[in-house]
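Heads up, the next two complexes both have subunit A, just with different partners, subunit B and then subunit C.
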Partner chain A sequence: MNEIHLWTVVVAATCSLACAWVGVWLVLQRVSMIGDAISHSVLPGLVVSFLMFGTRAPWPMFLGAAVAGLATTYLTRSIASATGAKEDSSMGVVFTVLFALGVLLITRYARQIDLDPGCVLYGLLEFVALDTRPILGVEVPRALETLAPALALTGVLLVLFRKEVLVMAFDPGLARTLGFRPTAIYYGLMALVAVVTVASFEAVGSILVIAMLIGPAVAANLWTRNWRTMFAIASLVAVGSSVAGYALAVATNTSVAGMMAVAVGVACGLAAIFSPAGGVLQRAVRLRASRATIAAEDLLANAYRDLERSGVTSLLGDRGLVARGWSDGAHLTSEGLITARRLVSGHRLVETFLVKDVGRSPDEVHESAHRAEHLLDAVQRAELLRELDSPVEDPHGSPIPKEPSA
Partner chain B sequence: MTYNTIIVLAGACLLGALCGAVGSFAVLRRRALMGDVMAHAALPGLPLAFLLAGGKSLPMLLTGAAASILLGMGWFAAMRYRSRTHDDAAMALVLASMFGLGIVLLRHVQNVSTGGHAGLESFIFGKTAGMVASDVWITGGVALVCLGVIAVAYKELRLVCFDPGFAASTGLRVGWVDFLITGLLALAVVVGLPMVGVVMVAALTIIPAVAARFWTESLGPMLGIASVFGALACALGVLVSASQERMPSGPLIVLAAAVLFVLSALFAPQRGLVARRLRLERLRHAWREGRLEA
Partner chain C sequence: MNELAIQVRRLTVAYEHKPVLFDVDLDVPKGRLMAIVGPNGAGKSTLVKAILGLIPRVSGTVSVFGKAFSGVDTRVGYVPQRESVDWDFPVSALDVVLMGSYHRVGWFRRPGTRERDAAAKALDEVGMGEFANRQISQLSGGQQQRVFLARALLQQADLYLMDEPLAGVDAATEVAILELLRRMRNEGKTVVAVHHDLQTVADYFDDVALVNLRVFGVGPVAEVMTPERLRQTYGGRLGALETIAKSATGAAS
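Let's look at the complex of A and B:
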């Protein structure tokens, strides 16, 4: 791997990591679209700070971005609360207007501003490794001068305030009770989103930064419910899609930032399918398994009813003896018989309950009982039995089998 | 006014009215940002249509954009309803990943095609001043179709917008009505993209509708007011842009809409801030004089 490839991937990964760490909080707090809003509305902040300080050094840029990010969130919230408009509507109004303002400013002051709308939109990841300056004798891409502080700032702030932000994400009410000042933390987080967004502009551009903010967090959130694991997986997805995106883009000669966004999207799709915590595949397997169980249980219960009709169970079953044999020659093992008795007992108890306590007609209770019999456990059956004063027969006059002791 | 300005003015006003009316439904259904997601998700369709059609025929490009939006919405629905992902995260993910795919494909087209691809990127920023008569006809046609659909499904749309719970209890399939709203919004976004670009078309589906909401409590008037606001904002933007140097019309349209929004938020008769303040003061006054029953 030559140096240019290496540095490009390092820049991409630094940027994705910073985005992913902030993004986890956005996704947990269900305010992901704020990422979209801020990535558009930092534009005027950037332009104004450039016009004021006349430099593209990181800190003035961060300042402009943070102010714009705070303005977006503040305006969104105040317009919503002052006018009764919905929060998403007021967010839509605020960020599009700020973006329009930014575009207008760029066009008016194009000569003073070294900002290319295309660059802001797509980023220039392909070229960052060419624009270097020596640090401690190593040629380091200039983009890292912005991204490394942004990553460090994100890491430090999120470690320092992890307790506060965590409580806020999962229980805003508790956060207020504990005296955490949720509003201050919320605005702090939004300022951080703005800073990270601006730092990433040069590398991946304004729209694709949204993919790097939200995508890794979505994938991680699909994969686990534990927040530490979530951070680990989000970091992994961020770095993984940077590497994969870069490799694919070089192989097909297309936009690196675009390919990274695609890679993140694919990662989310894969997580949705293969996640061990509620992925499509896992749910399908579970569904199949429970379908098979229910079919087997229905078969057993019907076998029992057949035995009952032929009179075998009344002779043997109640005395705890094991009945073997079935009308058409199949055999029921002792285990099968026990399970069947549990099912039929549950079925008939539910029928009795529905008729006696709920007051439904005996003709209409079979379907409900047929569904419920698969879900009842021993405790619930015992409770039903006690509740109904240990009935002997169900509403249709069939005997309710006694719960086998083993 | 030159012939060209009249064409641009007519097209922009039609687009503004269309986006205002269709956006009203999205705003009422709390999907105000869906127009924004769609506008971004349309991008991959353009280079694909260009490759398939072998040229820049506008109807092909618009069809490609619409198909791409449909795909994005399908992805959104799958993430939203078949996984644990929430609304907001699914929207942001679809928006950004589809846009990324669009940029990848655009770059690919630039690599393989021998020419004629220039201008595909104008869909991102829009090219209001480049509008020709056929654009106006297309916008007008789409506006008519949308108007027809709204007229036919008016009762259902109104029910779902103001009381989805009751609508569902009457046996109405709320999901299908939402799908219809999504379709209308997609149509408006698709015709708007080449004229004003991604962010500005999103703004047009949001701001006039939110502003109109201040003036009325019923759907019919809201649709009317939102259309008028949309058209007015576009007209103002185009006219100012035509009379000044280096003033692009897209941002000016959005800023004009913002002015309408601020005026509405302040001075609307019932829900406006001034009216609310006056009501509150009158109430306070009455309370102090003891004219109020506790």
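Let's look at the complex of A and C:
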């Protein structure tokens, strides 16, 4: 494989992974859009740290970003609680003002910083592999000098504090009474989001940062109901879309970052459709199955009523025989007969209940009973029977079939 | 008199300048099962949260087991209202129960085999053993409430504050939960629960606190649930309240 291709994919994957890991926690806490806010509001933090330290080395930059991330979170929360405004409105004001402040700082004090709109939006992933520096004799892209520490920091912190972050995200009240500091943990997480965002910025720009923060986590959340598995799936989506996005971009000669964002979107789409945990497809299959069951049950219950009218059911039912000679020549097996009795019994019990205990008129209870008969289980039918003192007939005078005692 | 588990003095709590609790005193003796009752919006949950330090107090003091309480004490367990958390969160019942051991596990460490066994046992105790690996959104409301209680058991606290542990659960769960609360009390633990159903206070609890902005009475159910006090707490609607008060004082005597 061509070395340039390889390094570009490595840079993209490093960045996507770091974003995906913090992103899972953003999505789980339903604060996805704070990623968007922080990716903009880090700008003044970066400028100030550049002015103070005079360098674009990773750690001073991380520091500036973390401070800006904390400021965004703090201002968003305190403006919301002080004014009674919703947090999203407060966030909208805070991050745009901070971003504007960053732009003003640049134009006033740091004209020499190159701020190319294209670079801010889409990043320069196409060129990262060209800007290299030898490390242990290997030419390594400079972008990794920022991204690798950011990824390592994210991984280490999220593993070390996994239970603290989990309890903060799920139940801050409990976290607090257990002696953890949920607010401090939340702020720490937001500072980490800021660091990851800034580290990813140069390579992939602000749009892909948001796509990568949120997309893999959303796909994972659609796919599984287990938070540990979510991290595995989000990582897979992150790396997968880096490879696929790059390959597609090279093939079509378009923006790598753009293609990666598209790949993440496709992954979310696929998860929404094919997820085994409530995907569109699975729900459609289940709906069909339950429709088929209901139709079959209706047919059975009606067959039973036909038999009842011809006066042969008690004989057949009590002996557990196969019911033959039903009007049009069809047969009810003994198993079918048991199911049918169960349904009709449920139906008539519900009718009795609605008339006796709820006080509805016998004329208006059929529809409700017709729906309920498919939902009742054996325990509920037994409870109804007990509650109603084992009635023999329903309000329309039809006998309530006894259920075979298992 | 028994030593106090909780002592609240002159507690005032306000949301946006409107007091929700005003100048409240409350003594909870050790080893009792106490209900906090009062009409909707009376400040019952607020009282629990203020005791726990989850919301700021405007004034007043709270002491727990004789010491000033800032909200953190491993001897105090909290069971929040079921609606207070996101049940779509991708964790299993066992994961949630395990959270009750987090304060004992220590920084940077994960719950180990010992904690997992204890969590499984706590789930068994609330009759949820077979649901350990079930994702919490797939549990019924009553089952979710039991998971919360199993988590409280794992905390091994001496004092529990519970916000509506019996709200929205089916009859069987209500009985099971109540049995559990009584067992905790018999083991010497103190349980304070916000409760919404006046009818069952006398049957279920030893003590009651009548709360509506202020505390209108605290103590054994039979002494506190008088028509006069209930009228003060609930306002109007005297007829129904008298019946309840009669059955409460009658049941205890």
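Here, the second predicted complex is superposed on the first by the 389 of 406 C-alpha atoms of A that agree within 3 Å, B and C clash if a C-alpha of one lies under 4 Å from a C-alpha of the other, contacts with A are read in each partner's own complex, and residues count from 1 in each chain.
The working rule: a residue touches a chain if its C-beta (ideal position, glycine included) is under 8 Å from a C-beta of that chain, and two chains touch if they have at least 3 such contacts.
These figures come from a predicted structure and were not determined experimentally.
More residues of subunit A are touched by B (comparison of subunit B with subunit C).
Once the two complexes are overlaid on the shared chain, A:Leu75 sits clear of subunit B and of subunit C alike. Using the contact criterion defined above for the overlaid structures, shared-chain residue A:Arg176 touches subunit C, although it does not reach subunit B. Legend: residue contacts after superposition of the two complexes on their common chain; A:Arg30 is shown touching both subunit B and subunit C.
In the superposition on chain A, contact of A:Val264 is made with subunit B only, not with subunit C.
In the superposition on chain A, A:Leu125 makes contact with neither subunit B nor subunit C.
Residue contacts after overlaying the shared chain place A:Thr224 against subunit C, while subunit B stays out of touching range. Contact with subunit C, but none with subunit B, is seen for A:Leu166 once the two complexes are overlaid on the shared chain. 30, 84, 221 are the residues of subunit A that lie in the contact sets of both subunit B and subunit C, per the superposition on chain A. Note for the complex: subunit A touches subunit B at residues 27, 30-33, 35-36, 40, 79, 82-86, 88-93, 96-97, 99-101, 103-104, 107-108, 110, 117-118, 121-122, 207-211, 213-215, 217-218, 221-222, 249, 252-255, 257-262, 264-265, 268, 272, 275, 278-280.
Listed in rising order, the residues of subunit B touching subunit A in the complex are 27, 30-33, 35-36, 40, 78-79, 82-108, 111, 121, 124-125, 199-200, 202-203, 206-207, 209-210, 213-214, 246-248, 250-252, 254-255, 257-258, 261, 265, 271, 273. Those residues of subunit C lying in contact with subunit A across their complex are 16, 49, 52-54, 71-72, 74, 76-78, 80, 84-86, 89-92, 95-96, 99, 102-103, 105, 108, 110-111, 135, 137-138, 151, 155. Listed in rising order, the residues of subunit A touching subunit C in the complex are 28, 30, 84, 160-164, 166-167, 169-171, 173-174, 176-180, 221, 224-227, 230.
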